[in-house]
Amino acid sequence: MLNQLLNSIADAGRDLWQRRGADGALSTDSIQALCDDLLSTRGEASGIAVARDVAHAYHALDAEGRIALFSILSDRFGPDTKRIAETAQTFRDRGDLDSYLALSKAIEPPRQEFFRRLNMAPGGTRTIVEMRSHLLQVLPEHKELKGLDEDLKHILSSWFNRGFLTLERIDWHTPADILERLIQYEAVHRMDGWDDLRRRLARDRRCFAFFHPALPGEPLIFVEVALVHGLATSIQPLLDRTEEPEDPAGADTAIFYSISNCQNGLAGISFGNFLIKQVVHELTRDLPGLKKFATLSPVPGFCRWLESQMADSESDLLSMDEFDQLAPLSQDDWHEDEKLGKALRPVLMRLCARYLTEAKSRGRPADPVTRFHIGNGAQLEQINWMGDTSRNGLTQSAGMLVNYLYDLKTIERNHESFAETGAVAHSSQVRKLI
Amino acid sequence: MLNQLLNSIADAGRDLWQRRGADGALSTDSIQALCDDLLSTRGEASGIAVARDVAHAYHALDAEGRIALFSILSDRFGPDTKRIAETAQTFRDRGDLDSYLALSKAIEPPRQEFFRRLNMAPGGTRTIVEMRSHLLQVLPEHKELKGLDEDLKHILSSWFNRGFLTLERIDWHTPADILERLIQYEAVHRMDGWDDLRRRLARDRRCFAFFHPALPGEPLIFVEVALVHGLATSIQPLLDRTEEPEDPAGADTAIFYSISNCQNGLAGISFGNFLIKQVVHELTRDLPGLKKFATLSPVPGFCRWLESQMADSESDLLSMDEFDQLAPLSQDDWHEDEKLGKALRPVLMRLCARYLTEAKSRGRPADPVTRFHIGNGAQLEQINWMGDTSRNGLTQSAGMLVNYLYDLKTIERNHESFAETGAVAHSSQVRKLI
Amino acid sequence: MLNQLLNSIADAGRDLWQRRGADGALSTDSIQALCDDLLSTRGEASGIAVARDVAHAYHALDAEGRIALFSILSDRFGPDTKRIAETAQTFRDRGDLDSYLALSKAIEPPRQEFFRRLNMAPGGTRTIVEMRSHLLQVLPEHKELKGLDEDLKHILSSWFNRGFLTLERIDWHTPADILERLIQYEAVHRMDGWDDLRRRLARDRRCFAFFHPALPGEPLIFVEVALVHGLATSIQPLLDRTEEPEDPAGADTAIFYSISNCQNGLAGISFGNFLIKQVVHELTRDLPGLKKFATLSPVPGFCRWLESQMADSESDLLSMDEFDQLAPLSQDDWHEDEKLGKALRPVLMRLCARYLTEAKSRGRPADPVTRFHIGNGAQLEQINWMGDTSRNGLTQSAGMLVNYLYDLKTIERNHESFAETGAVAHSSQVRKLI
Amino acid sequence: MLNQLLNSIADAGRDLWQRRGADGALSTDSIQALCDDLLSTRGEASGIAVARDVAHAYHALDAEGRIALFSILSDRFGPDTKRIAETAQTFRDRGDLDSYLALSKAIEPPRQEFFRRLNMAPGGTRTIVEMRSHLLQVLPEHKELKGLDEDLKHILSSWFNRGFLTLERIDWHTPADILERLIQYEAVHRMDGWDDLRRRLARDRRCFAFFHPALPGEPLIFVEVALVHGLATSIQPLLDRTEEPEDPAGADTAIFYSISNCQNGLAGISFGNFLIKQVVHELTRDLPGLKKFATLSPVPGFCRWLESQMADSESDLLSMDEFDQLAPLSQDDWHEDEKLGKALRPVLMRLCARYLTEAKSRGRPADPVTRFHIGNGAQLEQINWMGDTSRNGLTQSAGMLVNYLYDLKTIERNHESFAETGAVAHSSQVRKLI
């Protein structure tokens, strides 16, 4: 049956190239043809040829065509309910290895083999990652495809195992096509073209990315690091292109100021934890002067949380005075009013510290960035007033930036106590704020 | 629970290095300690550090220690029968996606995640392949570990998907450590050291291998090809080191005279089909003079089959005369007796043709080499008398070698008709023999 | 004596690092010290260490310091006139091999060995190329250094022999630092940043450069090629970033529209001839659809020549009428006046054809671009009206661009007849213009 | 005229391929043709095509043909005596830059340009190195070619400047074709095939070679190093294949036990000094445990010198007693007679120490190995009895091996005092022997 799918898509793919309209898209008729053709047969013997044709056909599909294909994969090549039920029954009756293996086999939907075969095409892995990216775009409106997404995620998790990734340093000797992707994928502090990038790759900066052998030239995730003296408390100087690069050998602190995922199709497969820890190792080895490794991170959920707290009449977070004090926050330019800032600072710092350490969502820190770093074993080290005065920084984080400290000596302990109690490890400095 | 396993093995690993005896092996006590330690806990946060420790511990185990570990993985970290039964019941009752996913999750034994995590260690993939190689060695006497082997095979099949393999040409510019492995792994026509290898890599020979990015320097499978004029009918001239290499541009035929798997730990994961077809493509592109692609293959099951036929009083394969004629085959030196050879030739050729085309095992060709090539879509082209007069060749194949023809135009059709009817495609020349 | 130079510069170099002023430059005193130190001695045994120190010292010199050094190399380490005279006399008297070798040795100034030793430093070749670049800058005002420049040029010519260069394709996968140099070195049609470059590296463009192993990452010369249909007659469409790239397989003509030298320090050492011919070979092999290879080149000396002709009362080039017709050329915007253009076109085209084919300087074509391409064996194929309407194009070439045709079949013949007669090979089309 | 040479050889080359006899060699007639053709002309425009044809023709020449070519290069394309005399006269009269440059130009024979052009052919450098190798073979019987050899050596010295060489580590991951060359070129302690080589590349050994970018895969010189404890005093254990490799991190001494040149065509161009010193640097960096760097070297001239001393009735080196004691040295198996050895040891050790420190040839150490290492700044550290009991070792060095110590702190001082006084730096231990 699977061969049928592969072959029919491949055949259809070839047909479709003829049938495409002037706009390059496949007509509804052609998609229908694709579906009808699914039952024809052809030999497995052609090696990777069929896989190549299928990949080709996929790239010819427009948005509608892709949904049609996803539906086919979801319906016709999803799990075989009847067979699962039968083998499950036998397993319950017998409980031996054979019945277990039979159930195991029954439970795997044929589309998994579909993806494994498609992967054999030149560029097959890339096509599958792209396919999942497309799928995730339409998933909110096509909840019936969730099972298909689970399968894709399961397979890609296995293939993109940390053991298969390579860490590469990115610098000004890196090929332009890879650098261009960095400009495009940077998600935390937008890059303003090549000159901006060039400063971020100067000798007092470091950039590392994970790559997978099947996606050459495609970074999966990258982190940007500034080599500085003492904890950086503000992002503006780090991004300032006019700052002359310093001698990295003199730095004592590495600041991870941006970490960005590059592949939508790999959403939910976590690389960040491994990336940060391996980069700490690389930097320790290359620059023995480095004594401290910390992030400079936004607090993306703070303002939203604050609003909800202020709207919640039962919250005991704020005194009436403080409540009034916070009113000017709704103004656009509050941070430029020095006096106002002075008054707001102690209140907002305290609230931010409470938000970061106390606000929870399903037992874990409410803030996604906190969740990530504390979950990795880092410690909440310092909260910085007016660390990011960009519009985005003010709107989400009230201008605050946070340092999470990665101390190899305490990472395991922090992680363990977090796993047990959900507690957010934090410094005495943060404790005082609360 | 999985973390427990990882951590306890890792802890034990470190302990064990201290406790190893003078012979470097772990004592029974230490293995007991390993098993006891399995329930202690430690943080997940250390990234790949724990995986590295586990890999380290594994390499310190001796044969007994490995069996102890396999048993733990098999018993304690095998499938959770109770949970499977429960989730299977819920699935039968509800049949929705959630219950399906719950059953899917329940059915995957924790040891799969164990391997995925172990893979993160430096050299992790290599350790796992080695682990399976060790497991396969003891499996015949430890049938209870079959489930564990199924899991390993399942994971490795996914990771060693054709799409992740790279085809590399092997020649005299290849690093010596890789060439050394070829000498060691050659399974069809034993290599007699570096001079033998050197001739097999001369300009009228080709050698290609598949590699996986996670096993650098480790060929998975390799094929040796001779570039000749017309179908080669005998192996001796191909291996003759004194033959002067010819200009490859003049050759019209590529003879695949040896194909060898290199990794015991990947047994049952098939690469040969892909390898041959891709090599045909490479050669076609590089040497447009090549018009024919064929193997020169042994018939490893022929003599055994012949014996069983002769012992079977009901077999109608042979006339009484022929039966008598075959008697001298039991002599060691029959092939050196020219007159005898002349008499035997027509009988043995006919029988070999019948064996290859008619002898079946579970509906497929009885001979494993036939099964492989015909299953790939090749055609049985020619049977060669006295093609391999080595001891091995005489004992197994009565000195016969066979050409299977890979003709890109008929591969699909052959493969299809084989899939449908099990028929062994063969040339008119072979048909005449029958 | 040479060791003295090396050592004293090296010693001085180390001192100088201490003595440098706040602006990083060496004081006049320090340079004096450098000169004084030249006579101290130190061992040759340190291998490349001394060379490294000298290179270091050189990079610490400011403009004045460099001139001081050049003077030392020129005066103290120049040719030994007395010894030359003596050995010349002996050679005249005896004329045997020994006296010849003695004269040969005497004639080579010690500074040649100085450069050979300096070359051993890490980055030594780069330092020497840079040194010549500095020297050429000051040569017009320091004519006494001409002998030093001759030595440098002689050595660099030998080292940058074509046999040591590698041709590399430049595209969007090339490291950014190399691409940045292209933007910087482009000498014919200025590049306006990364977006401009990106279009010039699209799939219907090609770019190739020569590199030398001792200058990694440093292109020596590069050529930009457009793959088009028919002879391109105008540069504007080729540089238009909004033009969608076309399928290169469909092109029948390769247009070499820009060729730029990158290293001032290698001035006078010719690479262009080899570059164009090898690129023609590469393109022929990769894109069999290409049938024609031609340049699209400026006529940089045309307007200046025209002016001089018009100022020359004895020139019989122009009729009185024509002379009057050309008057508006002095206006800035003449090319925007359609009617005017129509009137000027036949006159200017004819004059340009005559300039290119007839104007000579020391027996060779007066126009440097013509001299280069015709000297390489190309043929003047076509003159294009309004091919380059940039300010520069109008000012120098009156907006004209020229196609020189590289036809492998006629290159040798053209070159030979040029060498014999100095004649500029040209097409019948150009002949008609004259 | 030069073009004539190039072209005529190229033309001849093509002709010659037709005219070669059945044995592949060129007949005397053909060589005559080659010489006659030298005066014909062809265009320079063909770029590297002519150079390629000349290289091709050269490879077709047999021994006689090569001598014929060398004679042409020597006679017709050697220095132009008349022009040299004239320009020398002008230079004597005027002494200005122009006359100097004219003389410089006159003195360079056209064959230098011949080699520069030939170098442009693919593999041109290789051809030229080979050409010099051929020339050196015939030079003893063709002393008239000495001038030609001087030119070749001059050019190759410039091209093979240390700054263009790359140091590469050789190990078991090195391509087989390079390793094969090591087996072939090893000049000090013959390699007995691949197993011998493999032990010399084990983890307690190091091997480094210089390469030139224009001779890829061709080592120029290589050195073999053993990582041991304390000074190695005997070669046998170092070459013993049955010795288990030790952990290199534990070694405190690096013993350079073999250094071999690979290219006969580069004879007289010295790489060894640079190689040893750079390898000392590499090892110091990689293995901080190493405290001592020394050779284990033969004394190739000792026995010959001893004989000449014994034959010299005026030598006061030996007392009458000692003279008698040395008599058994002429027996083949003297070293196996324990008692005899005991008696000879003090006499021979003392004589060897005197030979090494006192015997001179033209003011420098008579022993070539001593000359090389002491000239590099090393110190004679220790003389080892029965260090090499191979036939060769006994015949040349009376079984003695010597450690020369490379101490970075004293290298310069040693080198300087050697340059000034010719004194052989030696340890107090050696002093006692004398």
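Worth a mention:
Order of writing sets the chain letters: A, B, C and D. Residues in each chain are counted from 1.
The criterion applied here is as follows: a contact is a pair of C-beta atoms (placed from the backbone, for glycine too) under 8 Å apart; a residue touches a chain by one contact, two chains touch by 3 or more.
Owing to the predicted nature of the structure, the values given are computational and were not obtained by experimental measurement.
Where touching is counted per the definition, chain C and chain D have no chain in common. Greatest Cα centroid separation from chain D: this falls to A.
With centres defined as mean CA coordinates, chain D is found 60 Å away from chain A.
Chain centres here are Cα averages; for chain A and chain C they lie 50 Å apart. Residue positions of chain B touching 2 or more other chains: none. Across the whole structure, chains are in contact as follows: A-B, A-C, B-D, C-D.
Those residues of chain B that touch chain A in the complex are listed here as 41-48, 79, 81, 84-85, 88-89, 91-92, 95, 97, 100-101, 103-104, 107, 116, 119-121, 124-125, 146-147, 150, 155, 158-159, 161-164, 213-214, 273-274, 277-278, 376-377, 411-416, 419. Chain C contributes residues 172-177, 179-180, 193-194, 217 to its touches with chain A in the complex.
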